[in-house]
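What follows is a group of structures, each given as structure tokens.
Note that subunit A is present in both complexes that follow, paired respectively with subunit B and with subunit C.
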Partner chain A sequence: MAGKEDFQIVLPFDFDYYLPKNLKEAVELYRYLDQQGKQPMFFSGGTELITLGRIDLAYTEAVIDIKEIAECQMIQFSDHQLLIGSAVTLTQLEEANPFPLLTSVSSEVADHTARGKITLGGNICAQIFYREAVLPFLLADSELIIAGPEGLKTIQINEIFQEQLRLKKGELLVQTSTDKRFIEAPFYAVKRRQQWDTGYPLITLAALKMGQELRVAISGLCPFPFRSPEVETYLNRWGQAAETRVDNALSALPKPILEDVEGSADYRLFVLRHLLVDALSALERAGA
Partner chain B sequence: MEVIGRSVIRKEAADKVTGRAKYTDDFESVQMLSGKMVISPYGHAKIVNIDTANAWKVPGVRAIIAGKRYPLTGETIRDRPPIAVDKVRYHGEPVALVVADTPAQAKTAADLINVQYELLPVVNSPTEAFQEGAPLVHERLGEYKKEADSYPVPGTNIATHTKIRKGQMEKGWAESETVVEASFSFAPSDHAAMETRCATAEIFPDGKIIIMTASQAPFMAKRLIADYFGEDMGKIIVHTPLVGGAYGGKAAVQLEVLAYLASKEVGGRPVKIFNTREEDILTSPCHIGLDATVKLGADRNGMIKAAEIRFWWDGGAYSDKAIDVSRSGAVDCTGPYNIENVWCDSYCMYTNHPYASPFRGYSHSELSFVIERTMDILAQKLNIDPLELRYINAIKPGDTTPTRVKLTRSNVGDLRKCIEKVRELIKWDEGAIKEVNERIIRVKGVSCSWKTSTIDANAPSGAILTFNRDGSINLMSGVIEIGTGTKTILAQILAEKLKMDVDRIHVRMEVDTQTTPEHWKTVASRGTYMAGRAVLQAADDVIRQLKEVASCVLRAPEEDLVVADSRVFLRDDPSIGLDFKDIVYGYQYPNGNSIGGQIIGTGKFILRHITHLDPETGEGKPGPEWAPAAYGVEIEFDKRDYTYRLIKACTVLDIGKVMNEKAALGQVMGAMSMGLAFAGRETFYFDELGRVLNPQLRTYRPLRYGENPEYLVGFVETPHLDSPYGARGGGEHGLMGMPGALGNALSLAAGVPLNCLPLIPEFIWRAKKTFK
Partner chain C sequence: MPLQTITLHINGENRPTTVRASDTLLYALRGRLGLTGSKPGCLNGDCGACTVNVDGWPMKSCLMLAVEAVGKKVTTIEGLHDSPIQQAFVKEFAFQCGYCTPGFIMNCHSLLEQHPDADDQTIKEWLESNICRCTSYIEIEKAVKAVMRGE
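So, the complex of A and B:
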């Protein structure tokens, strides 16, 4: 059977495919295709387009593949910054392991086969709301390099990532830039699922300790990943008992708490409580 | 020779591991059209209007079937319109069918069909269905055509009621010093075969109907289509290539009917219907759910004196195979224990859930869970070791089954030996609980099961053997290669019987109902037994013919001849003989004269002494033999989080005779994996509208490699005298005891009775909260 026919069965719509060589070309293509009404989409691994497109939850008439753009493909330390391109796959990240906390979180996303296709940028910008790969960057106050019609800009992640990455139309996540100090900081990460080792997170918790400051970021609790200053404030009251700090932190969680086939809201809170206690105990003495 | 028992590599292995094996969807032709279903988004709703106007505008659309009344379908009760009319009864039910030139066009058009529904009250569990005044899934239940051995109750949601009445209950309870009672529940789930279901149909001008289907029952597809639509049975030819996993889910006839109707609608052109994963989960039949109560009574020594069992099977919206499944659950309702006083009501209930088909084990993994959990509850109350309780009550020759079949060593095997072997393999005597640290414990649970296969009393199997001119043999059997390797085992049976090299036996993998002798259905672990018997008979037929020709040529009486190593020769001087290749197409004398002719061997088999069950007492012989098994599961449990890991899973099965060691191990381990996934994770989650919330592999998750425990398998070999080389069914048993053993281990670990499935940590957490 011809490849095209195969693809047609997977996706009920046709789209044009573009492979720009640089960022300028990519951004211009987007603007042009958008004007043509093609509902263009930046694209690299294609896992979401295929899996959501076939059930009518994603649609495009033109994809702009960013795989060939050098900036999107790099993993590089420059000065005190780690730069990771958005088109780097999770498998590449796992193998190169430039950011151990990121490896720890991203190696639990989806499954081995899918991680060979899923990219860092694709996961952070995903329609499926877990977006676990963003957690380490939220903790590390990373900067995002974004290309758009006005050229490149650099933005603090916690400014632009609120529940999801607030990109403007035609903008493209190019790279993350992370200060080396955070990469070397002690961390704790755990993913708890409904059962065993397969499936979406019931809770994914990532924690990092900078000096005496504990930071936590969570996916799977709410229909968006987050890092909450209120939660961290309570957790950092080191004078108090761990249970008290955790209880107070739980009272400051964002809403809504998910209630779905993966688990009830009550149960998620039960799981989160233990994970936070574990994180506190794991990082209690770290970095002291 | 000794081909039996050897790990002969599957005949289809090379094709499969190189990706060259072909399944139904791999067969394409240029002119083949695509069918696409529109399925109901609700569990129960009136169809108010179907607007197909926009769909017709899509280029390539050839036909749209919607709102058309066809004869009702269904195996035991004709209750199912092939495409819904008036109302939908389950989430996923086909409401319309589009036929177009390409799959994409068909899907585009199907998406444009606008169906207006009016929601109806939903029957969301078999217990709800059983309540007086429950909404009716079928208002006209009394008017449906049905088979004689089903007992629907019009005006209710009862599709059938099977009764077991054995012994005297009053006496049993009077002798019981200890009585336990418990309730159980689990929702329907899926088979999750790797290959989703697919069927094609083409109707020729002469009336010939060619169907290809991923099915366990192509012969049934032929019969049913002839029967439903008044077609000439001989004009229906059903092809089935390799099937990519079935597990009972492909025993039902569904897409074949839709493909046939679609082809009819487009003047007989070939049409393919290929389930998406979502359709395969929702639309095609699922794994049955169950609500149950069990009450057991035992005397002070732990001997069980009475059992009262009630099953409410979640047959879903249409009864199809669920009726048989619910009956099969009744006949083995007690599990493998000798109980003289038994009362069982097994109700097959209509609900607004996807309808059920068999699931590997055919009601036995389900009934085993509820019985085996109750056995542990009883052991606890009696303060008896749970394995010991099973041992002393184990069914044995001389006992009778719930339907009062007298048991012999041949027809029941040796459960006690299985229990003994499990005791060793899982080191039961080291204790059920071992502390790892203050949070983590290692805990073991055990269970047992048995199974007979309640297939039709007159179910046939047949085999044909032909020769190639080099003396090698072609073996034709109607058994479908669904992944179990049965066709390789048939080749081994033949090789053993003819004492020849198994590589010289060529097995035809594809089945077509015109030229392959019928094997009723490839279900119920009956391939080796029934088709094996037919093969043995065909081998005898061949041996007789070989000797007849050789006797003439060698001028020796047939009694003095031996067949072995692809030769016929004198028993006292093997150097005097003839090669197969010299006689299987006739023997030619030096002067040109020839005798004999092409040798074709045929064999057939039909089960003996199977009876219908008495409708009032259940008395009767439902199947030829029972294979018993014992199980153990070891887990590592976190007392704080209620999470656990599977450490070991063990099955010891009385398989009668290990026919192919690696194949048998593969079957038992694969079945255990499925059983643990069913017990530990797989379920449909329904909302209040009867919608399945997880109809994708994203959220419906079978066991993945790496999550599995270490598998321990043991075999006991008590021959079943009627079966080839004594073999018993072995494809299902590994699954059947896993839910019970896991449930028992976790109940012990958590210190609360866990009587629902799946056994996910959240459920344990909730049970702990409720129990406090």
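So, the complex of A and C:
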């Protein structure tokens, strides 16, 4: 039995644990367990369930671990597409480095050891508002392969990621598919923290240049990661001074701007302004 | 949810262990197997005091379910015996209170296994995963580098 100290270590609820070997089994398990009222949850790295569950902010009675499913574990170039499985850990992505912009962004998530548990799909589907791993895929117009009760479907990420990944009940993210042209494009990525190199993140900016078109995606500014066509329209008015383009872009940001212990809304906008000027400067001549 | 008996491969031995599916590996190690070298700290994946080695890589055992460790090779601080990094910690006096030490040693041990020629950037990136309240960071870095130099 749990000793006095160990009450803090254990999760305050029980669940059944399932380890399906293929997508069909995973989807069917979800449907069955949902019918049983078990509030099933797909589980990949599981860090969010374990940490939020401990403080009663997450709950399930049935965990469906997708780690053993081959499609969720692959990193593979297929023709001109890079396929990455949702259960690949961020450390695996850093070590293999198939998508340098993704490596640059995801290597700032949490810390090195935690990234050995946090997975790509888990980060994209998480409750926390940072979810930086989604930024490169928003920039690259990646496609997502999703499994659900109706089988597999492929959908453009910018259609289905609106503030969060809009999965229907019983669906799970299987893979991302990214065109090689975006993987080879010039990029700029930076994460600003309020304190030191290891403090909690304030803002992460990822930028990518396709030909003369600059694309930007931002995490930590709003309660959700985003890429905004309006912001990019202003930034791409190359005939104007960089400061003018940035000021106009700031006027088109989504709302609300986060205001919390890590930084006020005004401070976040101040930091973002400098990040955008830096990104324009870094990528101005790239790809010319 | 009934308890279930799983077999964990820990420190070179198969250890049948009775757990709930929702038990963390940290809880199973400490509460079920008596391996109390892995320390509970933040229980939130932030401090690194509970770090063990799973299939050669560092893992915060508070972030892993015990059932996820089935079929994997787990090494805890009890599984290291006078290893080079342990000797270097003593020689460099890389600790004060010692609470974070098992986690730091397991992370350093994994780093030395995976990247025996790690550069300063890699060392910093890996060791950022652990927190030392006594701020022995300089001595810990010296200990890692001493092992890399073969001292």
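Keep this in mind: the second predicted complex is superposed on the first by the 277 of 288 C-alpha atoms of A that agree within 3 Å, B and C clash if a C-alpha of one lies under 4 Å from a C-alpha of the other, contacts with A are read in each partner's own complex, and residues count from 1 in each chain.
By our rule, a contact is a pair of C-beta atoms (placed from the backbone, for glycine too) under 8 Å apart; a residue touches a chain by one contact, two chains touch by 3 or more.
As the structure is a computational prediction, the values presented were derived from the model and not from experiment.
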First (subunit B), second (subunit C), both or neither touched by A:Y17: second
Subunit B versus subunit C as contact partner of A:H274, first or second or both or neither: first
Touched partner set for A:G116, first subunit B, second subunit C, both or neither: second
A:N97 touches, of subunit B and subunit C: first, second, both or neither? neither
Which of subunit B and subunit C A:Q39 touches, first, second, both or neither: neither
First, second, both or neither for A:Q156, with subunit B first and subunit C second: neither
First (subunit B), second (subunit C), both or neither touched by A:Q127: neither
First (subunit B), second (subunit C), both or neither touched by A:T233: neither
Partner chain in contact with A:S264 - subunit B first, subunit C second, else both or neither: first
Subunit A positions touched by subunit B in one structure and by subunit C in the second: 5, 8-9, 11, 13, 51, 54, 111, 197-198
Contacting residues of subunit B [partner subunit A, same complex]: 28, 102-104, 107-108, 111, 276, 278, 640-641, 643, 645, 680-681, 685, 693-694, 698-699, 701, 703-704, 706-707, 758, 760-762, 765-766
For the subunit A and subunit C complex, residues of the former touching the latter: 2-3, 5-6, 8-11, 13-17, 45-47, 50-51, 53-54, 63, 65, 67, 91, 107, 110-114, 116-117, 197-198
Complex contact set, residues of subunit C against subunit A: 1, 20-24, 26-27, 30-31, 40, 43-46, 48, 51, 57-60, 62-65, 67-68, 107, 125-126, 128-130
Complex contact set, residues of subunit A against subunit B: 1, 5, 8-9, 11-13, 51, 54-56, 111, 192, 194-200, 260-264, 267, 270-271, 274
